[in-house]
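You will see two complexes here that share chain A, one where it goes with chain B and one where it goes with chain C.
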Partner chain A sequence: MSTFAPAQPVTSRLTRTWSGRRRWPLVSAVGATVAAALVLLPLAFLVIQAQQSGWGEVERLLLRHTVVVLLWNTVRLTLACTVLCAVLGVGAAWCVERTALPLRRLWAVALVLPLGIPDFVVGFGWVSLEPGLHGYLAAVMIMTLSLYPLVYLPTRIALASVDAGLEEAARSLGLSSWQTFWRVTLRQVRPAVVGGCLLVTLGLLAEYGAFEIVQYQTFTVAIFTEFKLGFDAVGACALSLVLVLVSAAVLGGERALAGRGRAWRSGSGVRRIAPRVSLGGWAAPVLAGLTALSGLALGVPIGSLVYWMLRGSSSTLPSSSILAAVGHTAEFSAAAAAVSTALAVPVTALAMRHRNRVTLLIERLAYLPMALPGLVIALGLVSFSVRYALALYQSSLELIVAYSILFLPLAVVGVRSAMGQASPRLEEVGRSLGCRPAAVWRRVTLPLIAPGLGAAFALVFISSATELTATLLLRPTGVNTLATQFWSYTTDFSYGAAAPYAALMVAISAVPAYLLSRRMSTLARMRPET
Partner chain B sequence: MSRGKPPILSPLLVCAGLLLSACGGAARGGPALTVYSGQHEQTTALLVAAFEKQSGIAVSVRSGDEATLGNQILQEGESSPADVFYTENTPVLEALAKRGLLAEVSASTLASVRRSDSSAQRDWVGVSARVSALVYDPSQLASTQLPASILELAEPRWKGKLGFAPSETDFQPLLSAIVKLDGTATAERWLRGLQSNGRIYPDNEAVVNQVNNGESAAGPINSYYWYRLRDETGSRGTHSALHYYAPGDPGDLVDVSGAAVLRASSHKAAAQAFLAFLISRTGQETIAHSHSYEYPLRPGVSPAAGLPALSALRPAALTPAQLGDGGAALALEQKLGLL
Partner chain C sequence: MSRLSVRDLWKGYGKRAVLQGVNLEVQPGSLTAVLGLSGCGKTTLLRVIAGFERAERGSVSLARRVLEDAHTFLPAEQRGVGYVPQEGALFPHLTVEANVGFGLSRRERRGHAVDELLEMVGIAPLARSLPNELSGGEQQRVALARALARRPHALLLDEPFSSLDASLRTRVREEVHSLLSAQGVTTVLVTHDQEEALSLADDVAVLRDGVIVQQGAPADLYERPTDERLARFLGAVNLIDADFKDGTARTPLGALALRVEQGAVGYGAGVVMVRPEQLDVRPRTEGADGLRAGLGGRVEQCRYYGHDALLHIRTEQPNGGEVLLARVHGEQALPVGTPVTIAARGPVTPLH
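For the complex of A and B:
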């Protein structure tokens, strides 16, 4: 029978020497240090800027009635959206991964795609459909529909690799299927679910663009006002530090919720792969639910794109420059996804396998970029590179570094979703059979966490492909991505000309989502049929 | 799960290759003149093409939101790669001038437009202008109901009918104009009235779209938004119209778009040549015919067909210098919780 890993480490001499509880493997240590340095860069910028502001100025900016209202707006939006994203994300992941759902491959991809639609298209789609859509409920709905994939994808990865033996044992001991799901399955995927929820929560703290369109004002509005109307980076950075404090509280709370983040099995025998449950009479309601979710999250924005293309008088056949924009977007996003994923592996591995105060702090730090407005991070990079690395300023490389910092949190959650299930005992067996650490890593660990790496890659790729703020500041002068071209046409009311660019953003986002899904299906072939 | 090479490795290798090729792209050198532009991108592209043809100087343009570009230049400071900053509004130029980041514009360039349309300290030159107006839905408002002054929009009879965008960079100049012409107390009363009468939109694009949709009956905007929307939706999709306030009203405000040479520029001569081109007859005619619906500022160049002449509108006698960097308006909006 399988059980959760015992809390105390196995203390054979072999284990201790290899996994080096005191000595981190060199490569991981270097990787995690680089990740921490990159994340600290914008944070240092914030602190340096905010320091220049006197206390009086901070007081004037912070102790206003508006700020209280804005903070309250932020909190109640974040709470509602996080809960809804958790329910939708876990529900959708379970249906795709554990049930005999018709057209599963299609759903698997479609459910990730809302992440690849620019906020502006989502907001505009809804407002054109229902002009009266404004305020709190509209913001909750729109943000939930675009952010639930952040919970769905990591949860699905984790569900794919949990041991069904535990669930069977629970059922045989008399738990109902609902109790089993609640007490066994959910507990096993908890690190992935909580990680995804953390992304939603932190992301909402820093969200700005989407709320403009539904006229819902959150705390970031105060930050952007200082930047855009006061041209006051000092005041804006002082306000942004409030976001850092709030995220620090959230990150502390999350640690308590996610537990020690590992759910690997330590019992004997081969992992049981869960059979897909037949939906039976539930097939119709589940399909209806997924159709409604995708219809709202994908259908509405894509519908408005089609409308623009058909009705806008600026619609033309896109010029050849659209190909260059596709190329740049794909290149920058793929490179950033590779860098973020590569950095997330040592950060996660150290926090899970060499748990101490420093490795945990680095892991927590890696989440911070999610809670800072993209503009702050981008201006931080501007400020540092013009001083210390002018040759890199506004180069492709700097833009890729910017994306890698911005979306490192997504990569960490992706990697964590698989690493929680990968037992270090298997690595120890590999070592005991005479493999070198590098070979163990390549032959044991990597195949185990590959779906997580795929999820990390897909999440970062999709988010980078739609990123606008940092792109406008840091792209090489004269280089356009799909997002910058789309922005340039929409600010000009040329919605018809803008639509193909947004459609292409969705299309290239589908590529990593599809590849990941195909790879997960390979895994699933080993699954017993029901 | 037995397999040779984990399949994840190959995509990673491909990406490493991409990353290396991206490093190669970091090489600098390139064009002689760098323009940061917050102006209408298509108009800027036309202007740059015409300038390159005339002068033989290669130009690279960095387009973006002008406030973001302004913040970027503030961070770049002395190391800014920008030679020229071309913007839709002047407060951002004033903010940079205040921090000593702009060079003086050459006298001959300044002499080509009215003195009052450029910076009093010669930091930037006015290039084109937009005039503010009221967009309204004729099916909801009869022509007799239209206001003679923007100040009337604060009256109770406008309750539930208005839409406005207080965070839009075009809104502050209006508020600044009221502060300047009627005093801070009146401006505050007016803003409170607007707040209780109107629906808040994120920007003027939304205001004009939603008046056109009939969600709001009227909203203060700059006239060019309406013309550009009309171009996109065609006459069949246009369900709104423009109304200008009485001559001299603070609502009849002229917003100037300007350009400046950065003090840190290493191509000052080329940068001054670019500014001179912007206000040359060729440059100004390019602006007039670019569908941006802005008014050329050089005397003797007429605006796009269909636009009422600026002189006929007799806008409020306020210069960009008098409007300043909008600090008073910003403070007022923050006080009322609109920002």
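For the complex of A and C:
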């Protein structure tokens, strides 16, 4: 490196790149590589499967009229739901975080809770009460009500961390409060909003249970039907490839929308916190809106569950099977949440701190599983284990790995929004105070991103506890989770018997969803008492 | 007491060269200000010394220990260099106490060390506050106490006062100065404020285009800048044509003594630098013309600052005259249009 000499341009360029690049922390690199490898595993299976049956066959399967119908169905549903979720999510987040809303804490929790109700339970709730509900509009409504918290939650976390100084500067530059919201506040939380919308879109592309219930044909439903009922692995695989391409397009779009801005603030001082806006005359309409939203997203499904539990009490259940299902569900979900969060940290850290083509690609890859139906990931793992690791086949470990891959994107979103808070400047100061990088990580970075890690863990836990499709395929023989037991009762139209399982799933998810809101109090602690 | 030496330091980002062979000597226990415009590489220089970035070439040594050269690169935590970034960069999740004790061992933290530091910088009552409850000046003091806690061999301050308002800035500056002299810690302070650099530092180094163009005692730099740009950077100047002869400069203001060693300036035409405070300005009473030596002129503009005033005076010369700047006592501020005579108090510095 000492050979650098300004007189020799070639040498200088080489040495400059070498010495200028900071070395990747080894642990992060290993973690991110593992994450990328896991994510690519199911995809590799898709391609291998298609290759073995021949591309001509795949082509024949794809050039069917059904495929066009499926594509149209999927696209129009995705567009409508994503836009609705963005509007509802940002609006609700802003009301809770930035206005003097009555019963703010209660709303904060109530608005996250629909995340704890699986989409297929929401579908079950509506359809079991109103059997005539099916088709496009039913699908849009049910999916919007289920998925808007995916925008609401990251946006709220981001809004809580926005530096008020920027908004005040905008106001002083002559912008109205509405313009300030549009051009400054929204800009700052844009990565969070776009990240949330991305999850909504990809979640829609991957959903199976709810569409099955409202009889709306999307790619995922068709894939499941072809594989499970038609035993047509090649057809399922061909359709999956189209779905992967659609998702790839969505991922590309997100990249363009999120922009290049980094989330941390330009200054390194302590951020100022915005005062809450008084709602004034808007209080009534806002409260009415939030009540309606919570009523439809939370009240109807819960009400329906209560109704069926009261009505179906005649069918007595062996309580031991419920307990076993609870135990399995909690065990698998907690393990998966820990693994996903642990993998998301190096992926995000590298993408934000050592931004280059490779690390960005890895971060993109981490989002991919949301676009792959749980079914495809499950099939990928089955194929892998059958060929290379028979001991894994239908083991709980395989199911945990499947969950970890499937919900890695959720963990990445949670960790990413927190990582923006841990300025590299603070880490440098820690180093200059005599701490090794590992100690700085433990004493500075970790406490700062802890709320985000908690959020990531909770998101993965909730999603795993209510996952249906992959679980149906991968669960160890004789082991039932709440979701699979619920599904087998629902498909038999034993709504009364199914309801307690759904209620338990909701209860299990409600705890993390509640904790998630409590986590926000870490941020609130830094808020001066008002 | 540790000497800090920076030799031939090069550092760039992509194609942009920032430091292009910086040489800097900081005497043990002294405070050296690195003065430069924003974007001149001041912060980069500090970051390299602190070990946050690696230089492409050159060496840094502190207290007879090589921190960085072609073969060595000590990581930041092993350098014994304290760093106070702009606006403090306090850890937002830790109390003032925990921030200050961050660099200390568990045992040291339990003792009185932290209390003493807080006492020293005058923020003991705030020990249990969180950083966002502090004012800018308080945050700055916490950051300073935090950096001093480990008794660093050298302390780096990156524009530490720029985020403070003017009255507070002067006070905090004074406090920091007395604190640092009492501690006797070798300090490098980076600033774009020449007044701050001149008034605070034992030694001022001007960083321009990636090199240190001049380093010296404040008065030295102010009185003997090596070129015109530097002269203007450190304060207002009048450039006056002169003929050099026998160690004096003959100017329209009269013959002035030169501030250089005998023989350093030869003969011939040139320019001398006269600071505004070196000009004597007196109102000219009618009829008394010619009685007093000096150049005639008329006040064109008067900026009153209280403690002093800056006059723009157009000289009465055949070529239409030129504008000279003169700094006078506040009570000597003159109304626009007043006829005056101007004389200069030597010695003056020739510029090239």
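FYI, the second predicted complex is superposed on the first by the 481 of 530 C-alpha atoms of A that agree within 3 Å, B and C clash if a C-alpha of one lies under 4 Å from a C-alpha of the other, contacts with A are read in each partner's own complex, and residues count from 1 in each chain.
One rule holds in what follows: a residue touches a chain if its C-beta (ideal position, glycine included) is under 8 Å from a C-beta of that chain, and two chains touch if they have at least 3 such contacts.
Note that the structure is a prediction, hence the values are computed from the model and not measured.
Undergrad: If we overlay the two complexes on their shared chain A, which of chain B and chain C does A:Leu145 touch? Say first, second, both or neither.
TA: A:Leu145 sits against neither chain B nor chain C.
Undergrad: Would you sort A:Val382 into first (chain B), second (chain C), both or neither based on which partner it touches?
TA: A:Val382: touches chain B, not chain C.
Undergrad: Based on the superposed arrangement, let me know which partner A:Ile508 touches: chain B (first), chain C (second), both, or neither?
TA: Neither chain B nor chain C is touched by A:Ile508.
Undergrad: What's your read, chain B or chain C touching more residues of chain A?
TA: Counting contacted residues of chain A, the larger count belongs to B.
Undergrad: First (chain B), second (chain C), both or neither: which does A:Leu115 touch?
TA: Touch partners of A:Leu115: none, neither chain B nor chain C.
Undergrad: Once the structures are superposed on A, label A:Gly430 by its partner contacts, choosing first (chain B), second (chain C), both or neither.
TA: second
Undergrad: May I ask you to decide whether A:Ala391 touches chain B, chain C, both, or neither, giving the answer as first, second, both or neither?
TA: first
Undergrad: By the touch definition at the top of the document, which applies to A:Ala222: first (chain B), second (chain C), both, or neither?
TA: first
Undergrad: If you stack the two complexes on chain A, which partner ends up touching A:Phe332: first (chain B), second (chain C), both, or neither?
TA: first
Undergrad: Where on chain A do the contacts from chain B and from chain C line up?
TA: 447-448, 526
Undergrad: Help me check something: in the complex, which residues belonging to chain A touch chain B?
TA: Residue positions touching the partner: 64-66, 69, 131-132, 134, 212-213, 215, 221-222, 224-225, 227-231, 233, 311-314, 331-332, 334-335, 337-339, 341-342, 375, 379, 382-383, 386-387, 390-398, 400, 442, 446-448, 450, 453-454, 457, 469, 472-473, 476-478, 484, 488, 491-496, 515, 519, 523, 526.
Undergrad: Considering only the defined contacts, which chain C positions touch chain A in the complex?
TA: Interface residues on chain C, with respect to chain A: 10, 12-13, 17, 20, 47, 50-52, 54-57, 69-71, 75-79, 81-83, 85-94, 102-103, 130-134, 136, 139, 146-147, 149-150, 163.
Undergrad: Which chain A residues qualify as touching chain C in the complex?
TA: Interface residues on the chain A side: 1-2, 4-6, 12, 15-16, 19-20, 267-273, 423, 425-426, 428-437, 443-444, 447-448, 525-526, 528.
Undergrad: Provide the residue numbers of chain B that touch chain A in the complex, in ascending order.
TA: 1, 3, 6-9, 11-12, 14-16, 18-19, 21-23, 25-26, 28, 30-31, 34, 40-42, 60-65, 67-68, 70-72, 74-77, 79-81, 91-92, 95-96, 167, 169, 172, 199-203, 205-206, 210, 213-215, 225, 228-229, 231-234, 237, 325-327, 330, 334, 337, 339
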